[in-house]
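First, the structure itself, so that you have it in front of you.
Think of it as A, B, C and D in the order they're written, each chain with its own count starting at 1.
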Amino acid sequence: MTQLPGLLDTEAIRKDFPILDRVVHDGKKLVYLDNAATSQKPRQVLDVLNDYYERSNANVHRGVHMLAEEATELYEGARDKVAAFINAPSRDEVIFTKNASESLNLVANMLGWADEPYRVDQDTEIVITEMEHHSNIVPWQLLSQRTGAKLKWFGLTEDGRLDLSEIEQVITEKTKVVSFVLVSNILGTVNPVEAIVRRAQDVGALVVIDASQAAPHMLLDVQALQADFVAFTGHKMCGPTGIGVLWGRQELLEDLPPFLGGGEMIETVSMHSSTYAPAPHKFEAGTPPIAQAVGLGAAVDYLTAIGMDNITRHEHALTHYAVGRLLEVPDLRIIGPTTAEERGATISFTLGDIHPHDVGQVLDEQGIAVRVGHHCARPVCLRYGIPATTRASFYLYSTPAEVDALVEGLEHVRNFFG
Amino acid sequence: MTQLPGLLDTEAIRKDFPILDRVVHDGKKLVYLDNAATSQKPRQVLDVLNDYYERSNANVHRGVHMLAEEATELYEGARDKVAAFINAPSRDEVIFTKNASESLNLVANMLGWADEPYRVDQDTEIVITEMEHHSNIVPWQLLSQRTGAKLKWFGLTEDGRLDLSEIEQVITEKTKVVSFVLVSNILGTVNPVEAIVRRAQDVGALVVIDASQAAPHMLLDVQALQADFVAFTGHKMCGPTGIGVLWGRQELLEDLPPFLGGGEMIETVSMHSSTYAPAPHKFEAGTPPIAQAVGLGAAVDYLTAIGMDNITRHEHALTHYAVGRLLEVPDLRIIGPTTAEERGATISFTLGDIHPHDVGQVLDEQGIAVRVGHHCARPVCLRYGIPATTRASFYLYSTPAEVDALVEGLEHVRNFFG
Amino acid sequence: MKLDSMYQDVILDHYKNPHGRGLRDGDAEVHHVNPTCGDEITLRVRLDGDTIEDVSYEGQGCSISQASASVLNELLVGKELAEARRIQETFLHLMQSKGKAEPDDAMEEVLEDAIAFAGVSKYPARVKCALLSWMAWKDATAQALGETAGGKTA
Amino acid sequence: MKLDSMYQDVILDHYKNPHGRGLRDGDAEVHHVNPTCGDEITLRVRLDGDTIEDVSYEGQGCSISQASASVLNELLVGKELAEARRIQETFLHLMQSKGKAEPDDAMEEVLEDAIAFAGVSKYPARVKCALLSWMAWKDATAQALGETAGGKTA
């Protein structure tokens, strides 16, 4: 067994994840390297979900009965946990959504309907980057089409990093909002937040950070980031599907208009007009994903107990090892940074002219689950002139042995199509 | 034990619901009469959720590996089940959302951004009713504020039914959309769909039906309803929280613009522009509530096995019994129809001038869970000149003995505040 | 019976015979709503320098919210502002204690009848009912003193 | 090895040596995309009365989608439209069979080399790859015959 400095005790951790014992395709042990798409869930989270439904299930906020009080306490308790996890100044700044995509659309829509000084309209500009996930592109394209605002973006350098050389031309006095990804889900790149935030603050633009690939893997401190909004998603960080988070600065949440209307988000309703509850409820129309929020709270507990810094260290060691081993494979080209510095544990690559679909299929046959395609970041593929990539992504339960399995698997792919 | 014709074998059914064995407040057996807020979940649904996470969890649609294929098949299989459950002409007409509120907001937003002939603007009118849930009021108020369209509504009769006497004045040639609730969550009223749909079709208005309180309790046939859109929510029909459904007619879904933008809903994305996938994916941005959809599929299986007609019959018998027994309680006034005809198993009432909060609290102490307040339908309370109601709502596992417990409980409330 | 810890006789008495109910002249008026249950209160404050001359109110709600407004009237009218604030803070502290604050003699001296609400703090859904009038009073007082621009909060 | 059922030699041969690749003159052109993986094809059809004179194409994608376009070219060029439609439908049926259709002699006679795709039908994620060019051909033919307004579908 390969021994790397900084690794977690994966033997113990893997026992928490029932699915990792799965055997696929006639006896192959599952090697799950598709963590950037979604993570697996520890028993601790599944137990909490089950307990919620078996003991306390009720609708929240409006009940005087015991189950409703328990459910409300669990749901609002999850908000406390998430707030602590991201070091939010106030629990009321944590909005539960269904996924990161809803969180990002929520911001785009708030800004489209906002009054001055936040309003995005035809005289203003929106800035994103060429390495965004589609969920941080399309909402801004829609906003731009619907308001007439101009959409601009930062391009990429050859080695998979943001090209900030013309930052003063990209972010200007007209810029109302700058939205960018903290860790790219295709390149693995960790972006330089400070430089972008400083320039945005200089021109008075709001900053939105897509932390979907950061929250699962590193300590997230919304105060240190100095952003105005931070979005992420539960299913990638050991939580259930169906739950996302939008953190926003309190005064913005107070000033900005609601997005979805309905139960829970109101103060008082008459047929003629309605007033809205204070944030976060203003932005949580309808029965929220109660069990899923509670499950996310359990996931946050789980990750915190292991320690986000320890997880980062583990993944860094693994990435260093994986990059090295992958670069030994003939014809393999990493799309993105080719060292482990300032990058996460997500590695995209091409293998000669073998199409990623074929790479993925042959790996799957060996029990190795990777993702292939454009990873909802097609502009990156266009930028590097490739149709798609194969992507291996690691998490706290991933091991050097799984890296070895991947490398062997790729040899097999090469032979198969050789 | 009271024997009523048409009752289900609740003894057997209750064994499927672990929470119904719960004991609250020092030894009181839980009497759960808050089903209109949310239903409890059978073990069959919880097992499917657990299995999903322990065996097949992966992100859907984009994977060539085994787990991704299984997860996709389960998720899309749930769509097939829901389509069959509501007799949808095509599975592609079933959109998964996070709850009914999102479904209704989705329609309102599509129409706000649509081109002619669907576009809602200042020259057009929107029609709802005074008995809508806030989730079917506020989205239309927002749309009306944002487009300038006029919002109109049907009032209510003394006995809790829609006043359709002026239907020709309410629904006019200017009406673009009529949105109404099939079964009221506060009055219990079942509304006369046909009369409204006929008039709407005459003037060429689209029809949206909020079936949140219908789908759990009766056979829902979207073709028979002749609506254009039907919304409902999973958590009220034995499914998980975090999942809702919007059914829409295929040609409308093709013509109308998307709402949320992001991964999964696109055909192809460049920085300059994007094209969208066909429905239903066009309306499902981001990682969907995968496990929750799968859980809803299991709920639909569960309800279908028992038989929706049998459930309706059970609830009808129970409602008949409950209305009779409640009317025996001194000072009790039912808000809504006072017979079991054309009404669902949700009964709102006031008890003298004892505030519903106090009623609910004293009932809770006896283990009886009811809901108190305006039930997200405040205009109904305003209409009947009351601050709030106490609401008891039944489901397939409710029993006549639970009705008796409620009636006894109310006697106790009267004594306490007498 | 555990319920009795919430529905103390003092509370039920105030509920049935509220003190100072009705709207009279004031320096500021606020309208507060508890969106989770629809309880509403309109409340006016009249100050005479640092002294609270009157707190008048009108509203609808459960026994807890009504009794709490009545107790507030009884406790605060005639008090100096500083003293009233101390009472309000002590009450807030008690209500947010989740049933864990043990009311002692000192507290009882400050809160008088309001100590009867200790039991309510065990019921999260009802804490907001008990606090409704107190939050309204705080807001109205700030307005009367010209500290805020007015408007309602929940 | 199970994979061999998908990657038949026939398929790999077509992938490595595609037939009729490249864009030539046509009566109609379509561009189809598989949004789940990004495979793309541009395809042109040239008809001579009821006879398919040429099917030319350009695209990017995996071995399955490329081989399938090559097989399509080999199978359909020179055929009468009615016969080509029968082949297309048989292929569609086979691909949607989830690995359950047992290819028999009759089917093999219709599909020739395309019968090699039987194994692909067991892999739901790959079925769309195999069908991409066939759907494009159907669409382009309809356009060439003036049956539709054109435009792309996925």
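The criterion applied here is as follows: contacts are C-beta pairs under 8 Å (C-beta built on N, C-alpha and C of every residue); 3 or more make two chains touch, one makes a residue touch a chain.
Please read all numbers here as calculations on a predicted model, not as lab measurements.
Considering the contact criterion stated above, the chains in touch with chain A and with chain D alike are B. Contact tally for B-C versus A-C: the pair with more C-beta pairs in contact is B-C. One inter-chain figure worth recording: chain A and chain B are separated by 31 Å, centre to centre, where each centre is the mean of the chain's CA atoms. Rounded to whole angstrom units, the spacing between the C-alpha centres of chain C and chain D is 76. With centres defined as mean CA coordinates, chain C is found 37 Å away from chain B. Chain A and chain C, compared by their mean Cα positions, are separated by 45 Å.
Touching two or more other chains at once are residues 25, 62-64, 68, 266, 268, 357, 361, 372-373, 378 of chain B. In chain C, the residues touching two or more other chains are 36-38, 123, 126.
Here the touching chains pair up as A-B, A-C, A-D, B-C, B-D.
Against chain C, the residues of chain B that register as touching in their complex are 25-26, 355-358, 361-362, 365, 372-374, 378, 381, 387-388, 416-417. Considering their complex, residues 33, 35-38, 123-126, 153-154 of chain C touch chain A.
If you check the complex, the residues on chain A that touch chain C are 61-64, 68-69, 72-73, 266-268, 277-278, 281. Of all residues in chain D, those touching chain A in their complex are 1-3, 6-7, 12, 36-40, 60-64, 66, 123, 126, 129. Chain contact summary for the complex, chain B toward chain A: residues 18-19, 22, 24-25, 30, 32, 34, 37-38, 40-41, 46, 49-50, 53-59, 62-68, 98-102, 104-105, 113, 130, 133-139, 141-142, 146, 151, 153, 233, 235, 240-244, 258, 260-266, 268-271, 273-274, 285-292, 357, 360-361, 363-364, 368-373, 375-376, 378-379, 382.
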